[in-house]
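Lettered A, B, C and D in written order, each chain numbered from 1.
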Amino acid sequence: MRTSTEYFSDLMKLKPNVYVGGEKVGRDDPRIRPGISVINITFDLAQHPEYEELMTATSPLTGKKVNRFNRLPQNPYDLMQKQKMIRLLCQRSGGCIQRCMGEDGIIALSIATKEIDEKHGTTYHSRFMEYLKYFQENDLIAAAAQTDAKGDRIKRPHEQADPDTYLHIVEERSDGIVVRGLKHCITIAAYADEIIALPTRALVEGDRDYAVSFAIPADHERVRLITRPVWLRERKEFEAPYAKFGASDSVVVFDNTFIPKERVFMCGEWEFGRRLALLFADSHRHSYCGCKPAVSDILCGTTALVAEANNIEKVSHVRQKLSEFIGSGELAYAAGIASAIYGEKTSSGTFFPNAVYANVGRRLTGETIYHEYHLLAEVTGGIMATLPFEEDFTNEETKQDLEKYVKRNPNLSAEFHHRAFRLAENMGASGLGGWFQVAGLHGGGSPIMETITLLAEYDIESKKNIAKYLAGINKELNQSKELKEKPFNLLSAERISEK
Amino acid sequence: MRTSTEYFSDLMKLKPNVYVGGEKVGRDDPRIRPGISVINITFDLAQHPEYEELMTATSPLTGKKVNRFNRLPQNPYDLMQKQKMIRLLCQRSGGCIQRCMGEDGIIALSIATKEIDEKHGTTYHSRFMEYLKYFQENDLIAAAAQTDAKGDRIKRPHEQADPDTYLHIVEERSDGIVVRGLKHCITIAAYADEIIALPTRALVEGDRDYAVSFAIPADHERVRLITRPVWLRERKEFEAPYAKFGASDSVVVFDNTFIPKERVFMCGEWEFGRRLALLFADSHRHSYCGCKPAVSDILCGTTALVAEANNIEKVSHVRQKLSEFIGSGELAYAAGIASAIYGEKTSSGTFFPNAVYANVGRRLTGETIYHEYHLLAEVTGGIMATLPFEEDFTNEETKQDLEKYVKRNPNLSAEFHHRAFRLAENMGASGLGGWFQVAGLHGGGSPIMETITLLAEYDIESKKNIAKYLAGINKELNQSKELKEKPFNLLSAERISEK
Amino acid sequence: MRTSTEYFSDLMKLKPNVYVGGEKVGRDDPRIRPGISVINITFDLAQHPEYEELMTATSPLTGKKVNRFNRLPQNPYDLMQKQKMIRLLCQRSGGCIQRCMGEDGIIALSIATKEIDEKHGTTYHSRFMEYLKYFQENDLIAAAAQTDAKGDRIKRPHEQADPDTYLHIVEERSDGIVVRGLKHCITIAAYADEIIALPTRALVEGDRDYAVSFAIPADHERVRLITRPVWLRERKEFEAPYAKFGASDSVVVFDNTFIPKERVFMCGEWEFGRRLALLFADSHRHSYCGCKPAVSDILCGTTALVAEANNIEKVSHVRQKLSEFIGSGELAYAAGIASAIYGEKTSSGTFFPNAVYANVGRRLTGETIYHEYHLLAEVTGGIMATLPFEEDFTNEETKQDLEKYVKRNPNLSAEFHHRAFRLAENMGASGLGGWFQVAGLHGGGSPIMETITLLAEYDIESKKNIAKYLAGINKELNQSKELKEKPFNLLSAERISEK
Amino acid sequence: MRTSTEYFSDLMKLKPNVYVGGEKVGRDDPRIRPGISVINITFDLAQHPEYEELMTATSPLTGKKVNRFNRLPQNPYDLMQKQKMIRLLCQRSGGCIQRCMGEDGIIALSIATKEIDEKHGTTYHSRFMEYLKYFQENDLIAAAAQTDAKGDRIKRPHEQADPDTYLHIVEERSDGIVVRGLKHCITIAAYADEIIALPTRALVEGDRDYAVSFAIPADHERVRLITRPVWLRERKEFEAPYAKFGASDSVVVFDNTFIPKERVFMCGEWEFGRRLALLFADSHRHSYCGCKPAVSDILCGTTALVAEANNIEKVSHVRQKLSEFIGSGELAYAAGIASAIYGEKTSSGTFFPNAVYANVGRRLTGETIYHEYHLLAEVTGGIMATLPFEEDFTNEETKQDLEKYVKRNPNLSAEFHHRAFRLAENMGASGLGGWFQVAGLHGGGSPIMETITLLAEYDIESKKNIAKYLAGINKELNQSKELKEKPFNLLSAERISEK
C-alpha cells in the first residue's frame, strides 16, 4: 500500500490537464491541495496499527492486504466495516473523505460486468477484475464520473440537441472506443489517479451509444478537468485541521478520447444502463449512511462546543437541539446497518446493500442537512457570520479588545472561544460551508432521487393489501413473503449465538 | 400453548373487578371484546404452521416450545424475530398487538432481578424465573403496569401530598407485602391473566417504599380495574376485521393489596428504580420499532387504497406522500435492527437491545404520527369525516344515491369505494383513531422521554472532541472507543459468511 | 332578526327529508341538535347589547339592521369585522360557527351575478338581490352546497361515466329549470333554512349544463339530505358547553329537482364557473382566517389548561409549544387583515378580500392543524385517550380512586382536573376531534387547493425579474407595479390620521 | 437630501478607525465598498421621481422633505410605507438594505426619551429631537449599536467578571459622560456617519451604569471599529448587481470614550432598559417584515430562474417549492401590515407597530430561512457548489466545453444559464450566502427571542379562559376586551369608505 507521500509524488507525475480560474495548472496548485490533505488521511491511517483492522483487509482477488476502499465487500460485516470506516474518517476530515466514490464505482462494476456477461456472453467481468487487480496493487484513487451534463432535463440522451451533454461512444474500433461528452460535479478528479466513467440513468434502445463505462488515468490524452476548488481562509497563528481541508469538483471533458479495449467495461448494453447507474447510486447511498452521520457528529460536536463557549450547554432548548443531531445521524447509520444485514450476495460474489434501507437512510440526511446548519447557527449566534478576521486577534491594537469580546464562559480561555467560534464560522459562513450544504443535499442523489428509487423498489402493493384485508375487501392477508424474508446469514447467526 | 378459545374461557373464570361507565362488569362485556379479538391473533397464529417459526420458539428455561411473546431473547436474531413478529401481527390487528408489554415486562425483570441479587445477595432472580416457568407453561397474557398516577409532576414520589399517587409498600410481612397506589394507562389489564407491576422512574433513598415490583392475577383481591374501552361503530352488512378491533386501558387500583412473597421481585431496592424502569422502557421502545412501522404500513396502505379509489394513485404529490410513510416506517424498523445488532448479553443471559438505537427509532415514530394521519386525511379528502353511516348505504331510499356518490374510480365497484372510505373514516374520524394517535405519540414514552434518555445515554462529549480536534483545541482525535465498538457476534458472522 | 327559539320553531316546520343511519328523521333528531346549538349562538349574541356592533350592521340593501352573517361587506373594515366576529364566535362554539358558509355564498353570488349580467346582459343580479332582501328580512341560515361528488378526479364534469356526479341542468323550462346531481360534505344542510348551490370548479364549454347556481328551501321537493352527524358522549353530571356542540354534514341529492326561475342565479354561463367557484372559495378562505385562529386559541387554551393541571405550565418546552399556537393563529389572522386592507371594490359594490393573503393564511392553518393536535396531546399525556368514562367519576365504588388518580396540581380541585382532561379527551380522542382535524385540513379547500390558487394568482414572474436583474441578465428592475399598488383607501387613511 | 456621491465624499472625511484583517484601513478600503454600494441605493432612489412618494416624506419635525429612513412614522400608513420601501429596496440590493437600523434607532429613542422624561422630569426628548433635526437635515446614516459582547450569557451585566462586556458609564461629568465597553454584530458601522448606542436587555437596579444611550460620529475619538466585511468573488466579464453588494459588521469598541451631554439620551434610568431595548427590537422586527419577504422574493425568483434554466419550471414539485416562498414571504408581510393597523400612537407622537404581529412575522422568517436555501439548492442542483470559476468561461481552451456544459434549456443562451447558475452559486455557496443565512436567522433577534417576547406580550390567560368556559369550569366567557380592541382609526376608515 502506498504512503501519502508516494501518492503525492505519483500525482506530480501526471501531465497537466487541470484548469482553474482560466489557467491550466499543475496538481501542485495550492487551491487543490486541501482536497489532497483529505485523501492523505486514507493512506496515513491505513499504516496506523490501531486502524489496521478497520482500514485494511485481505482482498479475495489477490489474497493480499489492501486498503479497504479498494476491496469488494463479501458479507454484511464488510459493509458495516466500510460504513464505520467512512464515518470515522469523515469525522477527521471535516465531513467528507472523498475516496468512497472509487469504492462504490468498483463495487458497481464488479456486479454489473458479471451480469452483462451472463446475459450477453461478453467478457467484461474478467477484464474488469484484471483492472481491479492493478488498481488494488497500486493502491489507486479513482474519481467515479457518473453525472453527465445532461442538457435538457426532460429529454433522453439521444434526444438532446447537443449529443455531447451525455458521454457517448463516437467510434468503435478493434482496439478500443472513442468517446465524447461531459461529466460534471466530479469530486476529486483533479487529484485522483484514475477516472471511472459510469452511465447516469436508465437508457432506452435509442440511447445505445450512451451505454458506456470505462476507466482511464486522470491525465489521459484528450481529457480536460475544469476544476472548481473550494478552500478556507488560510490560518496564520491559529492553525487547525479543519482549515486545511477542502474539495475540488471538476467538469470532466472527454474530447474524442480513445479508450483502449482492456479498459472498456460496458459498450452499448443499454438495458444495463439503469442497473449500473443504480448499483453505483445505491452503493454510494450506503456510503452516505456512514459519512452523513459523521457530518451530524461534527455539527453536533461544534454546536456543543459553542454552547460550552456561550455557557449555555445545560439550557433546555440547547439540549433538545443536540438531541436532534443524534436522531438524524444515528437513524441514518442504523439504516446503513439494516441495509448491510438485509443485503444480498450477487452473482459476482460482491455483497450488495439493501436498496430500501440505503435510500431511506441517505434521504433522511438530505432532508435534514440545512436544518442541522440552522441548529448550529442558532446556538452559535450572530458571531458565526461577523467574527473579525484572525489577524485582528493578533494585531496589538485590537487583540485585547477581541479577547474581551470573544470571552463568554469564565472557565475557558479567550483562545478556546476564538477557536470554537472560528470553527463555527468556517462551517457556517464560508464557501466551504455552502459546499457542504449542497453536498449534504445532493451528493449521492438528492432526496427526490431517493424518493424515486424508493417508489420503484418498495412494495407498496403489499401495504395496500393490508388495508384491503382490514377493510374487508380481501378475505385473507397473505404475509408469506415477509415471513420468508430473512436477514443474511440469519440461521448461522442464531446457531452461533446460542452456543 | 393455549388456543384463543381456552384463553377466553380462562378469562371468564376471573372474578369481576372491572369497572366501565359506572358499573362493575364481567370480562364478557361487549365493550372490552375488541381488545380480546386482538389478543386472539397471538394465540391463533401460534397454532398456524406458516407462522410457527416466527410465533414460537424453544424456551431455554424449560426446553419447551412457547409463544415467542413469553420467551426471553438470547441473541440479536431473537430480538429481530420479536420485532418482526410484532410488525406482522400489528399489521393484522390494525396497529397494536397489545401483548408485547408482557414480554417487555418479563425481559426487564429477568435482568433486573439478577442485577439486584448480584448487588444485594437477594434471591429475586430464581423467584422470578420460577414465576416465568409458570407463565410460559400456562401461556399467559400479562399487563405491565408501569405508569403511576404521578400526581404533581414536579415532585418525587415521597414528596407527594397524596402518597398513593405512586404505588408503594405499606407493610412488609413474612409472607409477603401490602401495597397501595394507582397505575394508569394500563392497556389490556381488563383482559389479561396477570398484572406485572414495575416502577416508573428513578428513585432516591427517600422513595424506598416506592421501589416495588411484583406479579399477580388480574382479579386479585383488592385490585380494581377502572377501564376505558374504545371501539368502533358496529358494522352490520359491511363487516371488516378493522371494525372488530379495539383496546381498553385501565386505572389499576391497588387498595391495600396483599402480594405473596413468591410474587415479589423488588422490595425497597430504590437504586434499581431507574434501571428497572428503563429496562422496561427501552425494551418496549424496541418493540415500538416493530409496531410503529406496522402503523406506518397500515396508514400507507390505506392512503394508497383511497388514492386508488380517488383514482389519483399516480399523481406526483400522492406518490411523494406514500414515500413519506416508507421513510418513517423503515427508519424506525432499521433502528430496531441496529438496536438488536448492537445489543448486549446481560448477566442474566437475556439479550438486551441497544438503548440509543431503540430510542432514536421510537422517537421518530412519535414525532411523525400526527403527520402520518395528516397525509392520510389529505389524500382521502373531506369524506373521511363526512361519510354517511353504513345503514344509509343499505336503506333502499338512499342506497342508489350513495353508490353514485361514493364511486370515483370507474374500474372499482361502489362497495370497494365504500369499504375503502369506511376504513379511512374508522381510522381518522373516530375515538379509536384518536386513541391510535395518542398511543403513537405517548406509548412506550413520548418523544421527550426518548430525548431525555438519549441525552443521558449518548456520548456527546466524544462528538465535542471531534470539534475540538478540528478546531485545533486538541491536538489528537482519539477514536479508540469507536474502533473497539463492535456489533454483537461480529467476528463469527464474518467467519461464517466467508465460507 | 330572529331569536334562536324562532329559528328552531321554523326548522320544525320543514318537511322531513333528512336521512341518518338508515332512517328518515325529523329536524328534532337528537343527533343533529349539537349543530343547532352552534347556530343558536349566532342568533343569541345578535340580541346581546355588548355584541351588537360586532354581530349586526345596517344593510345597504334595505337600510335595516341585519345579522352581519347575512350582509354584504362594503369596505375593509366590514371584512375585518366579519373576520373578528367569526373568531369570537368560534371560540365560543368550540371551533366552528358554521354559519359563515351562507355569508360567503351570498358574497360570491352578489359579485358573480353582476359580472355575468355585464357580459351577457342577463338579469341575475337584480334577481339575486331580491332573494337577498328576503334572506336578510327573514334572517335565514343557508348551507352553501359547492362540492360535487366529482366521481373520477381526473375527468371533467361532462366526461364522467355517471353525469350526476356533478350537479347539472337536465331541463330548461320557461318557469325554471330541472336539476340533478349530488353535492357532498355540505355542513349544516340538515338544520339550514336554505340551500344555495354553486359550481365547484372551472368549466369548459362542454360543461355548459354544469354551470348552474340557485337557492331553494332545505326541504324543497325532490331534495334528500343524507346526513352524517357527529356528537360527543353525553355529559351527565359534569356538563360543559363543549360537550353540547357538534356538526352534521350531508350528501345533498337533487333528484330531478325543479328550481323556479326567480331562484336561478346562473344557468349555462360556463365561462363564469371558475370565477364563481373561486369567489366562494376565496371568501370562505378569508373566513377561515377568522375561524382557524379560534381553533388555535382553543387548542392553545386547552394546552395551557392541562399544563396547569399537570403543574408544568412554566416548563420551558411547554412554553415553547404554547408559542407555536400563537404563531399559526396570529399569522393566519394577520393574513386575513392584509387580505381586507388589500381587498377590492367589485362592480357589484361588494368589497372582496385579496386572494393571495386569504390563501396564504388559510393554507398555513391547514398545514399546521395536525401538528397543533400533536402539541395538545404531548402536553396532556396518555390520559387524553385513557380517561375513564364520566360515570366512573360518580360511581361510589370508584369515585375516590379516580379523584386521587386525576389530581396533579395541589392547588386545584379534582373536579378542575377532571374537567380539564375531559375537555382534552373530547378534543383529541373522539369522533368530533377527528372531524375537526379533517375540517381544519380540508374545509374551504385543503393546502393543495390554496397552493394551486396561489400559483395561479401570484406574480412569480416579477420575482424572477428581480433575479434576472441581480444576475445581470436584465439591465433594469422595473418595480412600477409594486410602487402603484396600494392598500384600499390608503390616502384617506393617511389624511385622517394626520389630523 | 444628499446624493450618494456626497455620502461617499463625507465618508472619506472620516478619521480612520476601521480595522480589517490586522490593519487599520480607510473608508475607501475595497473590502467595505460592497456595503457602501447597498447604502447608495437609498440615496439614489430618493432622487428618482418614480420613487419619490415611497422614499421621501415631509418631516413633521422640520416640515421639510426627508428621506423616509430618517423620519418618524405618524400613522399606520407610514408604517406600511416604511415596510414597503424596505421590501422594494431589499429586492434591489440582494436582500438587505442595511439603513433601517438607523430608522429603528431613532423611532425607539423618540418614544423612550419622552417616556423617561414623563417619569423622571428629564429633558432627553427635546435633546434627542434636536439631534434628530440635525440628523434629518444632513440626511445621515446611522448604525444602531445594540448588541453587547455580553460575556457570560447566564449573568446580568453588573455580575460579569469583565465589566466591559456590556457598554457602561464609567464617569459622569457636567459636560457629558465617559463610557467603556463592546458592542458587536454592528452592521454598517464601518460606513455609517453616526453610531447610535442603545441598551440590549432588561436591566435591574444593580445595572444602573449599563442604562446608557447616545449618538456619536462614527470616527469619534476612542472608538474602534474592528470590522468583518463580506464580499463576493469579483466578476470580470459577467458583471452583475448582486456581485457588487456585500456587508460589513463591526465590533465597536468604546475605550473610555467621552460623549458630550447633548448627545446623551439615557443615563442611568435602568427601569427603561427593557423598554428601550424592546422598542428598538420590535421596530426592527417590523422592518424585518419588509426585508425578509424581499429575501423570499429573491430566493423565489432565483429558484424560478434556475428552474427555467433547468427546463423544469412546470414540474409539480418545483411549483410546490415556489409556492412555499410565497407562503413565508407574504405571511411575514401580512404580519407587518397587521402590526401597522393594530399599532399605537405613543405619547411622543411616533406611531409604533403592534408587538405581537411584528414578532410572529419576524419569527416565521427566522424559522424558514435555512429551509428556503434548501429549496433553492434542491432546484438548482449540485452545480450550485461546483460551477467552475468565471474565467474558465472565457478561457479559450475551456469556453466551448463550459458553454456545452451549462446549457440546458434549448430556448436560452449559454450566457443566460451561466448568469443564472452564477447567481445561485453566489447565494448558496459563498461566504456572503452564509452571512445571509445567519442574518436571516439572527438579525433583529433569533426566533427564540421572538418567542420570549411573544410569551411575555401575548394574553395566553385569555385563551385559557376560553378553555375553562368550554370545559364548564367557568360559567361565562368574557370577551369584552376583544370586543373593544380595534384597528387604529377604524371608524374613520369606515365612515370614509362608505361615502
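Note that contacts are C-beta pairs under 8 Å (C-beta built on N, C-alpha and C of every residue); 3 or more make two chains touch, one makes a residue touch a chain.
The shown structure was predicted, so the numbers you read here are calculated from the model rather than taken from an experiment.
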Inset, instruction - Name the chain pair with more contacting C-beta pairs, choosing from A-C and C-D. - result: C-D
Inset, instruction - Compare the two sides of the chain A and chain D interface and say whether they are made mostly of the same residue numbers, over half shared, or of different ones. - result: same
Legend entry - Where chain C and chain D are represented by their mean Cα positions, the distance between them in whole Å: 38
Inset, instruction - Calculate how many whole Å lie between the centre of chain A and the centre of chain C, each centre taken as the average of the chain's C-alpha atoms. - result: 51
Inset, instruction - Would you please write down the residue numbers of chain C that are in contact with two or more other chains? - result: 317, 320
Inset, instruction - Examine which chains touch each other and state the graph shape they make (line, ring, star, complete, other). - result: complete
Legend entry - Residues of chain C defined as touching chain B within the complex: 19-24, 147, 149-154, 161-162, 164-165, 182, 184-185, 224, 226-228, 230, 249, 251, 253, 255, 310-312, 317, 369-371, 373-374, 377-378, 381-392, 394-395, 397-398, 401-402, 404-410, 428-431, 433-435, 437-439, 441-443, 446-448
Inset, instruction - Spell out the residues on chain A that touch chain C in their complex, using ranges where they run on. - result: 316-317, 320
Inset, instruction - Going by the contact rule at the top, pick out the chain D residues touching chain C in the complex. - result: 50-51, 53-54, 74-78, 80, 84, 88, 91-92, 94, 238-243, 297-298, 300-302, 304-305, 308, 319-320, 322-323, 325-327, 330-331, 333-335, 337-339, 341-342, 351, 356-357, 360-361, 363-364, 416, 419-420, 422-423, 451, 454-455, 458, 460, 462-473, 477, 479-480, 482-483, 487-490, 492-494, 496-498
